[in-house]
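Right after this note come the structures.
Next come two complexes, and both contain chain A; in the first it sits with chain B, in the second with chain C.
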Partner chain A sequence: MRADIVVIGGGPAGLASAVSAYKEGIKDVLIIERDMELGGILPQCIHDGFGNFIFGEMLTGPEYAQRYINELKKTEIKIKLNTMVLEIDSNKRIIAVNSKDGLLEIEAKAIILAMGCRERTRAQILIPGERPSGIYTAGTAQRYINIEGMMPGKKIVILGSGDVGLIMARRFTLEGAEVEGVYEIMPNPGGLTRNVVQCLEDYDIPLYLSHTITNIEGRRRVEGVTVAKVDSKMKPIKETERFIPCDTVILSVGLIPENELSKKAEVKMDPRTGGPIVDERMETSIPGIFACGNVVHVHDLVDDVSEAAEVSGKGAAEYIAGKLKERKIPINVKNGRNVRYIVPQIIRAEKFDKDIKFYLRVKEIEKNTRIVVSSNEKEIFEKKERIVRPPEMIKLNLSPEILNKITGNELTIEVKK
Partner chain B sequence: MKDNDQKIAEKLKKKKFSKIKTSVKNGIVYLDGEVNSWDEVIELGHAAGEMKEVKGVINNIIVKDVKEKKREKNLPKDTYNPHLPERADVVIIGGGVIGCFIARELSRYNLEIVLLEKESDVACGATKANSGQIHTGVGEESGTLKKKLCAEAWPMYDKITEELDVPFKRNGLLVVITKDTLPKIPSFIGNFISKYIIPYIVMRKGKDVGDKPRIIKRDELLRMEPNITDRALVAVFMPGYGIICPYKLTIALAENAIQNGTKVLLETEVRDILVEDKKVRGVMTNRGTIETQFVINAAGIFADEIAEMAGAKEFTIHPRKGSILLFDKEEEGYVNHQVSELRFPQDPYTKGGGVLMTVDGNINWGPTAIEVPDKEDKSVTHEEIEGIFEKYGFIFPNFPKNSVITYFAGLRAATYKEDFFIKASKNIRGFVNVAGIQSPGLTAAPAIAEMVLKILKDAGLKMEEKENFNPVRKASPVFDKLSVEEKKKLIEKNPLYGNVICRCEHVTEGEIIDAIHSPLPALTIDAIKRRTRAGMGRCQGGFCGPRVAAILARELGIPLEKITKDRNSNMFVGRTKSLLMEEDKCGQT
Partner chain C sequence: MKRIHNFTCIVCPLSCQIELIEERNKILEVKGNRCKQGEKYAIDEFKNPVRILITTVYIEDGILPMLPVRSEKPIPKSFMKKCVKELSKIKAKAPVRCGDVIYENILDTGINVIASRDLIRRK
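Right, the complex of A and B next:
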């Protein structure tokens, strides 16, 4: 089997990239989705808050996904559901499997990686204790409640204040469960301020900052956890330990881009993002393999995912049309002061005829800052930010006019006081 | 006998037993009293057990102000209801690797064999938390039963695993000698001894157990293990060492026994052993009573309690916890052999673990060895995790430690003699203790089973070989391990093998259904995990958990809310509000 573009993953990133490639004139597009429906995680996100930037409306997850699915229906894009990609290689050959077609071997002209991310588990943060049932990641619990209609527990302790954890604190409460509290090891919440207010404060659910779980008890089912305050080095303070009886522990301790397939294709990875290194068109180190969405870096908002995915769709279409003119040596985008990561990591375009959007995260909270872009030690752009926080992604839109000021092969973005 | 008891009593007087009450009968030492810490309990038990003349130690010493945690009883469930036979020729208590091996070997004969297991699956005790090494016995103390049986058994594994279709690799053990092997000796002498004397001692020990060890100089060691510490001086390679999946072996043994007529009853807990005229008459369980003249006590950590029910207690089991950290398969290839560092002085009760790997390709570090008072304490503590990182991180200093995907603990069923206790009871005819099976119990299992068969024969069990015994058990297909062509064929035969349920390990719906309907049914999420690896990958069941639960409910014909992770570990507390309301409405109309 052959296809011009194969999109791996039918979540928000995959949908937006496929539609955008199609609009650019590539009609032979195939989306491979491992789940039974399109939309990725969105169908289980029944709360609202999606689509504010793209549609100017507050939509629920399923509604947001449906907007793109409706777009998709107008196209000839092919979809394979319940289909798992097992292998991809650097020659853009794909092996996938489902129960209808059996084993599929597909040759693609271009691939867009849109596999999304997965949740970090208990082991990644090394919570000691026993291994009973009743320990769930927030996303799994969300699926049980919103899709399967099953209640995972009655008395809940949540570790981590990532967005899904905050949303689930509210969701459990609405379902009649008791959420004892949300415990966050960092001195600041991990999720968006909006979610802290709407999901915890509005429901009187306490948020304990600089706290962690030091032990899980329960031989068969969770019987309780020990929590403790942590010091400035994030080490638990023994004297502050207290036991909380509960039957469920919900973990919202971060997301990891899911790049097992990218690694199989031998795409170069960025250890800072956990995703592939991409250029301004979201092309990876392998020509014709693109990536978008949470597989590249974990986003806060689905709107940003869709937006970046469109870029990758266009990029893949341009690649197939052979329209690209690349510079001999790519421009390296360097992380300056208080910058944890920047996407894209490189720029390949020879000429700048459209805007390039940069996405970055800071290492730590800072107030009254300037985000400064410089090339050859000369400032070419700045943006004032009253406050920068690690959980909130910063976006910089650089116009061709600014980009043309770049000299040499380096660009630095930094946070200045 | 009396003389021996007197000798022991005199020796006890000289030792540090002043605080507690001691008595001796038939070579068994009884310890009673109260002390301040569990460490003291263990120390006193070992002090008695060390004596050559002592055959067993019953240690009833308690720790001041410590209450024992109440243990739950296993009640029969409505979702699993096997038929308990009225009588059997032999009843085996315990479905660990030992019980299942004995069952499989006994199924060669024309006998009614019943195996009772209190958990929802076999291999749920020490077996499932075993590091899966096939040892050669090189690390065991000379003169022990465990060394003898281990040395006998390790060469048997090629045949056993072929018959039972269980993955097995002999990848060998590297005993590494480093600049830190002799920390208490000045380095200029220490390094000399370490380089030129210790390897030859280790070599000789390897030869003694039938292995063909060879000395590996530093250059070659670096070729074999490029990521090993700079402090490594030399190593001894033991090619006989192997790796196996302990629960897959146990499940295969149980299935093969079932094929040959054995009845395996899960979720069946022994409440009492019926004895008349000092002879075994039957076993009382939560499902009723079964008549028998022979009982094999392979109850692992609970073997002393089962022995006590029969009035045949000759030992106390003290749990020694071993915790293991397991890493992502992505690191496969970082280590090529099992690697363990030699360091003196050695802990007398553990070989010290190592940097190991599973037969499925996960590197794992451990196990620890910690005495715990509670027979159900399988917690992995912060100190253990840190300790493992430090100890084994020394051997591979640049290993990506953040690739841990899980950790778990098991309890070694140690006696105070620190050796296997495999004997027919002298008091109670027909009762055979197969107890104190600690490392290298997994390796020794086939030799243990042979020994038990001989004991039964000597005890008068009529053993007549079956004509139609089939030693071959075929594993169901493992999709991920097949070639492209084989995958295609399999899906053509059954399309459910094309539906991938576990993303991390590429486990298909077909495999999960195979597990549920196998001769030994998978009744829980963890039972499916052990058979298929669904949920064993890096996301630890986050993605496939809900899907596996749904398949299990569908195939067993039970509601989703009755699905458990393991015995009595429910996944759900009920339905959500909306569904409750719908059901209520249905009820009203």
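Right, the complex of A and C next:
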């Protein structure tokens, strides 16, 4: 089997990239999705807050997905559901499997990686104690309640204050469970402020910062957890330990880009994002393999995923049309002071004729800052930010006029006081 | 006496810290918001906090057992739990289209509850 573009993953990133490549004139596009339907994680994110930037209105997750699915239905884009990609290689050959076609071998001119991310689990944060049932990641609990219609428990303790955990604190409460509290090891919430307000404060659910779970008890089912305050080095303080009876522990302790396939194809990875290194068109280190969405870095908002995915779709279409003109030595985007990561990590375009959007996260909270872009130690752009926080992604839009001020092969972005 | 109320805006991720100054329930000033929606949010929060109602209802003959629904417009925050309870009693029937009214005039708020996705029939 052959296809011009194969998109791996039918979530928000895959949908937006496929539609955008199609609109650029590539009609032979195939989306491969392992689930029984399109939409990725959106169908289970039944809360509102999606689409404010892309559609200018507040939508729920399923509604947001529906908009793109409806858009897709107007095209000739092919879809293979219930199909798992097993392998891709640097020649853009894809091996996939499903119960109808058996083993599939697909040759693509370009591939867009849109596999998204997955949740960190108990194994990755090393909570000691027994291994009873009743311990779920927030996303798993969300799926049980919102898709399957089953309640995972009645008395809940949530570890970690990531967005999904905050959303689930409210969801559990509305469905009649008791949420004892949300425990966060860091001194600041992990999720967006608006979720702390509308999910916890609205329902008087306590948030304990600088706290963690030190033990899980229960033989068959969770019977309770021990929580403790942590010191400035995040070490639990023994004297502050207390036992909380509960039947369920929910973990909301971060997301990791899902890159097993990218690694098999030997795409170069960025250890800071956990995703592939990409250029301004979202092309990875392998020509013709593009990536977008949470597989590249974990976003706060689906709107940003769709936006970046459009860039990758256009990029893949341009690649096939052979329209790309690249500079001999790419520009390296360097992380300056208080910057944890920047995407894209490199710039390959020879000439700048359109804006490039940079996405970055800071390491630490800081007030009254300037985000400064410089090249060869000369400032070429700045943006004032009243406050920068690690959970809130910063976006910089650089116009061709600014980009043309780049000299040499280096660009630095930093946070200045 | 003038009183200051502080709100964190939830309209978008910017999370503006908004100050609403009022004297005997008369709003004198709203500041700290970076857009018009923020001003409206703060006034609503002061007068009558509202939220979009979001939950699921059982659905018969669908490819999935649950249908996500939402209120067409925001409803008073204090109604949230009662509405969710009311909706737990009903059963929708597949197929439904995104936007179909699933429950009319929930708890006499004058607001309809609508489906928030398409859900086709199970074969």
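Heads up, the rule we're going with is that the second predicted complex is superposed on the first by the 417 of 417 C-alpha atoms of A that agree within 3 Å, B and C clash if a C-alpha of one lies under 4 Å from a C-alpha of the other, contacts with A are read in each partner's own complex, and residues count from 1 in each chain.
Here, contacts are C-beta pairs under 8 Å (C-beta built on N, C-alpha and C of every residue); 3 or more make two chains touch, one makes a residue touch a chain.
Since we're looking at a predicted model, the values are computed, not measured.
> In the overlay, answer first, second, both or neither for which of chain B and chain C A:148 touches.
both
> Going by the contact rule set out at the top, does A:392 touch chain B (first), chain C (second), both, or neither?
Once the two structures are laid over each other on A, A:392 reaches chain C alone.
> Of the two partners chain B and chain C, which one touches more residues belonging to chain A?
Looking at chain B versus chain C, the one contacting more residues of chain A is B.
> In the superposed arrangement, does A:132 touch chain B (first), chain C (second), both or neither?
After superposing on A, A:132 lies in contact with chain B but is clear of chain C.
> Please work out whether A:175 is in contact with chain B alone, chain C alone, both, or neither, and reply first, second, both or neither.
both
> After lining up the shared chain so the two structures overlap, which partner does A:91 touch, if you call chain B first and chain C second: first, second, both or neither?
In the superposition, A:91 contacts neither chain B nor chain C.
> If you stack the two complexes on chain A, which partner ends up touching A:100: first (chain B), second (chain C), both, or neither?
Only chain B is touched by A:100; chain C is not.
> Touching A:221, do we find chain B (first), chain C (second), both, or neither?
Only chain B; A:221 stays clear of chain C.
> Please indicate which partner A:43 is in contact with in the superposed arrangement: first for chain B, second for chain C, both, or neither.
Second partner only.
> Touching A:124 in the superposition: chain B (first), chain C (second), both, neither?
Touch partner of A:124: chain B, not chain C.
> Would you mind listing the overlap between the chain B footprint and the chain C footprint on chain A?
In chain A, residues 145, 147-149, 175 are touched by chain B and also by chain C.
> Give every residue of chain A touching chain C within the complex, in rising order.
Residues 36-37, 43, 46-48, 52-53, 58, 60-63, 65-66, 69, 145-149, 174-175, 192-194, 196-198, 202, 300-301, 392 of chain A touch chain C in their complex.
> Can you list the chain A residues touching chain B in their complex?
Within the complex, chain A contacts chain B at residues 34, 82, 84, 86, 95, 97-103, 105, 118-119, 121-124, 126, 128-134, 136-137, 139-140, 143-145, 147-154, 175-176, 214-215, 217, 219-221, 247, 260, 263.
> Which of the residues in chain B end up touching chain A in this complex?
72, 330, 376, 378-382, 384-385, 402, 404-408, 484, 487-488, 491-492, 495-500, 503-504, 506, 509, 538-540, 542-543, 545-546, 550, 560-561, 564-579
> Which positions of chain C touch chain A when the two form their complex?
8-13, 15, 51-52, 54-56, 58, 63-66, 68, 70, 77, 80-81, 84, 98, 116-118
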